[in-house]
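Both complexes below contain chain A, partnered by chain B and then by chain C.
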Partner chain A sequence: MSQYLINGLVLSSIYIVVALGLTLVYSILDVPNFAHGELVMLGAYIGVFLIGLMGVTNYFLVLIFAVVALAGLSVLLWKFIFRPLRSAPPVTMFIAALGLVYILQSAVQLIWGKEWLSLRSPFAGSVLLGAATITHTRIFIFSLGCLLMILVSLFIYRTWLGKGIRAVSQSESGAALAGINANRMITFTFAVSGALAGCAGILLGHVTFVFPLMGFSPLLKAFAMIIIGGMGSIPGAIIGGFFIGIIETLSIAFFSAEYADIFAFGALVITLMIRPRGLMGKLE
Partner chain B sequence: MSRRLRTIAYLGIILILYLIPEFVRSDYIINLLVFFLIRSLVAISFNLLYGYTGLLSIAQGGFYGIGAYGYTLLVMNAGWPTWPAWLAGGLIAAVISLPVSGITFKLKGHYFAICTLALSLIITAILTIWRGLTSGALGIAGVPPMGGISLPWVGEISFRNTFSFYPLVLTVFLLILLVIYLLTNSKVGRTFQAIRENEELSLSVGINPNHHKAVCFFISAMISGLAGGLFASYIGFVHPMTSDVFIGLFALVCTVVGGTGTILGPVVGMLLLGTLPEILRIDPMIRNLLFGVCLIVVVRVAPKGIMGILGQLRQRSREVLR
Partner chain C sequence: MKKLAIGFVCIAFLLSIGMAGAQEKREKIPYAYLGPLTGSGAALGAEQWAGVQLAVKDINAAGGIKVGGKTYEFEAHDFDVEESPEKSVTKMNEALSLHHPKFFYGASSMTGIPLKQFAKDKGFIMVAMSEVPGYTEPRNPLCFRGWMKVSDQGPMLDYMRKLGISKLGLLAHSGEVSVKWAEVCKGLWEKKGGKVVGEVTYPVESTDFTSPVTKLLSSNPDAIASGGNPDVRAANILKIARELGFKGKFFFGGACRGPRMVGLIGKELAEGTLLVGTEWEKGSPKIDVFKKRIAELYPGKPYGFIFVVAYEPLFMLKAGMEKAGTVTDINKIAEAMGTAVTPKTSPTGLFSKVVNNEVALNLYPVEIRNGQVVAVK
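This part shows the complex of A and B:
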């Protein structure tokens, strides 16, 4: 049981990092970025490429490279795919993001094939905690996940840039009147979102396999998290994240892994039924 | 083109469609056409929801799976004759759509899309878990084909192989296309479009949007369910993946590329994106890459899809001719 709970918490800390990127873009653009899961997948592949094929030994260099590369890609996607669609109906961006899912997945398949690869972390060894074994990798993942949650919260609520992003997400024209360059803020949000996805991809690669469809499941879980927590809210994403993580863990512990989806997505549907803006979402 | 000429042209096309197996004696091609027609029905049902009423539903794969399992279980476990079981499978999918539309009534835009996506995943999960009924991830093999019918003059027809099944699925396809045509040109269809354009405004002129959305969902789920039943009877095997969410997503891709809110858009999209790559034997990875490019190009330059481009070309040629 405690083993389940620990593994569940570790996995949900990765999913929360995914959810934070998703909710940031949602808060500023009101669009659920369906391609976010593929950015996570690309992050993991960059890790596999650098560590497994290029033999890069400095782990933090790999992590930083994945973060920078995905931040760049995310900005490019905003500039060339999403921005030209801003005046179109909101569903259009949703469909374009779906197109990106197809493109990124098949591009990765063309380059790296369909094989299930693994991304080994540099942290060997484990500690015993009661009946549960915790590998050092999982401790690292959980700490980095929590650190990112704190950093993103501080960034959004305590810095000048974060203030600008919040202003644009509340009212773009209002922010423009106050002298905030909305376009720059959105670009920046996409960069942060991509960076988080790149990091989450590397971390996810340590606990699951790396394969072209690996981004879909975390994306769906991240959607469940941010809808329960409230779309566009950062504390909401964190609370919703741990909520989904615990629900999943309990359903695996008491029933079986197949029930996890029913409970997670059931919680999503129930939230939308009784409180569509989620726990901490803003009123529309 | 005069009205009579156009009717004759349509009847000619329909005749050619029925005669295809006489000329193309390839099992492979007819098999592809059967799948094309079945999957087109799913795209048509998606188009009714999104193209006409503005509801971006990703749950169509779920209803397709429910129809397939409904047919299978009613025939194999309850011992129903195949035809009533097929219709009942569609009806079960439609009845399940009622609580779904109840849940999703209040949701707008992408909230609606995400909620239907979640419901589709829940349907797949239930089909996997309910082992006593669905035998879980093993699936159910040996689903009996549609029972034969005897027609006057023609005699007994069975639907046991690809060549005999093709006319059946083509008939169902044409009938549903006709229903969609009549529906979308009726008052109800125009009400759907009013809701798509502006829900508040349609409410203010005395339309009940929720009621009409539920009707639209009901019909659409039934079409998907009937398509699923046809699939199960044809392939003889059902599996939780029969309700996979990618079936609904693929219906979306084909409809958007073919042209949303047009009768033939989803069919054209399915032909180009679903069947043509199979005939040309394009590698699935490259095919998926093309899907993505098509989606982005379409939303960027031609929001009405291929049918929209064709419509513009026709209009331009008319202007030139004048």
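This part shows the complex of A and C:
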């Protein structure tokens, strides 16, 4: 049983990092950024490119590069795609995000091909925790995932910038009256969201392989997590993430891997029936 | 003199136009490749499609297909079906409406099985890379298996028994090929005195296998066997099982060929993995020449047996058409393919005999040793 719990916690920690980036942008724009999964995928490809193809040996340098590159790309997407569409109906931004999914996937296929690639971890070996085995890579993934959850929470709730982002997410005009530059706050939000996607991509690449369509599954899980937790809520995304991860792995342990999604998404439906705004969601 | 020279030039010009016209007069025979060009099977699909394209080029360059005093050429079209039976049917209809092909290649059971029922009504011959017995049982005279069959994996299981392996864990994905593979493997293994201690099935679209592998390992098997997995999926299963502390043997069914697995997880991790081998791994003068040729044509690509099984079927069809004396009567062509296919018609010698609509392949246990796929003694 302990092995299942460890598996669930490690995977949840990656998906939560994806969900945090997704929920941050949603809290500001009120539109789900469907291209977020592709940013995760790009993060993994940057890792493969630097470690596997360029032979960069400093892993932390690779991680920082992926974070910075994806933060930059995310800001560019905001400036050139999402911002010009802000005055358009929400469905326009929704379609633009879907279009980006295909553009980014195709671009990656053109550059790196369709073959699955492997992102090797610098952490070899494993440790025994009772009856469970956990590799050093997975310990690193879980630790970094938890560190990012804490850092994002501190950033949003304890820093001036975070407070500014929350203010804009509550009311853009109200924030403007208080002297907050909404545009700058949204730009920061996209940067943080992209940085989280870059980091999640590298972590996910160690668990699965790296391929152009790898962003879809974590995006779907991240959506379920933020819906359970409450759209736009940081603590909600974290609680929802662990909730889904544990339910999924326990359903595999006690029933079948084939039906794990039924339990995970069943829990989502039941949660919404009892509490339609999610566990930590705001009342409209 | 000047007039003579101009005359020669004019005649040469007219002759070249005439020859070009004669070249253009070759009628095209459309051939539809239906396979996974995106998704987890994309590498397999790319290799097969390259095989199809080279076969078309080779046949056309060697004079095409000669039937009834006329010369025909193949013209291949690719359709991405990912790994979806539903998409296979949709793309079959798309191919039929766009190009009206009478010849299809199905990249796997996920295409072969659903399309089998349409072959007679829609009027086409299909060769598929399917391991599932149901693809040719009951026999459909228009459907050919250009691949190994699940029930032929006895030699690999015998080898595992010889190694002293008794407790087997079966891991299957939810696709029909993998489920059937596990079912047949279980029956054969128990007949050989072994015991199946664990059976786990996971959704075919999964990309992380940690929990299903954990569940299988809880049954404490000596070896893990799994079928219907291309190299990438098999590599991920193996990597996770090793990370979780599994020290036993792995046996992967026909779709896993080895080189890509080694490329993904490294030769140390892949060491000792048991696979299904064919004459391709054993080699022969014809095969060795072909291996050299594709290595030169596709540098850096791990193309091998998967390439060949998509390359050879066009030569089977050519032989069948020429023997039947028609390029349109699919029943006659299918019937002729049973006897027309010989070692002479097969460029690699691998597709040299068709028995009951199945290409006869000899299977041997092979292992990954030091990054190479080698036959075991």
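Heads up, the rule we're going with is that the second predicted complex is superposed on the first by the 278 of 284 C-alpha atoms of A that agree within 3 Å, B and C clash if a C-alpha of one lies under 4 Å from a C-alpha of the other, contacts with A are read in each partner's own complex, and residues count from 1 in each chain.
What we mean here is this: a residue touches a chain if its C-beta (ideal position, glycine included) is under 8 Å from a C-beta of that chain, and two chains touch if they have at least 3 such contacts.
It should be emphasised that the depicted structure is a prediction, and the values quoted were computed from it without experimental measurement.
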item: Joint occupancy of chain A by chain B and chain C, clash or fit; value: clash
item: Which superposed partner A:Ile103 touches (first chain B, second chain C, both, neither); value: first
item: A:Pro90 touches, of chain B and chain C: first, second, both or neither?; value: first
item: Touching partner for A:Glu258 - first (chain B), second (chain C), both, neither; value: both
item: Chain B versus chain C as contact partner of A:Ile156, first or second or both or neither; value: neither
item: Chain B versus chain C as contact partner of A:Phe209, first or second or both or neither; value: second
item: Which superposed partner A:Leu219 touches (first chain B, second chain C, both, neither); value: neither
item: First, second, both or neither for A:Val31, with chain B first and chain C second; value: first
item: Which of chain B and chain C A:Val269 touches, first, second, both or neither; value: first
item: Stretch of chain B, among 25-33, 61-69, 151-159 or 313-321, that runs into chain C once the two complexes are superposed; value: 25-33
item: Chain C-contacting residues of chain A that also contact chain B; value: 109, 258, 261
item: List of chain A residues in touch with chain B within their complex; value: 31-32, 81, 84-85, 88, 90-92, 94-96, 98-107, 109-110, 220, 223-224, 227, 231, 258-259, 261-262, 265-266, 268-269, 272-273, 276
item: Touching residues on chain C, where the partner in the complex is chain A; value: 37-40, 42-43, 46, 174, 200-203, 205-208, 210-212, 214-215, 218, 232, 235-236, 243-245, 260, 263-266
item: Touching residues on chain B, where the partner in the complex is chain A; value: 56, 103-104, 106-107, 109-111, 113-115, 117-119, 121-122, 125-126, 128-129, 249, 252-253, 256, 285-289, 291-296, 299-300, 303
item: Touch list for chain A against partner chain C, complex; value: 3-4, 7-8, 10-11, 109, 114-118, 120, 126, 128, 133, 135, 137-138, 207-209, 211-214, 217, 248-249, 252-253, 256-258, 260-261
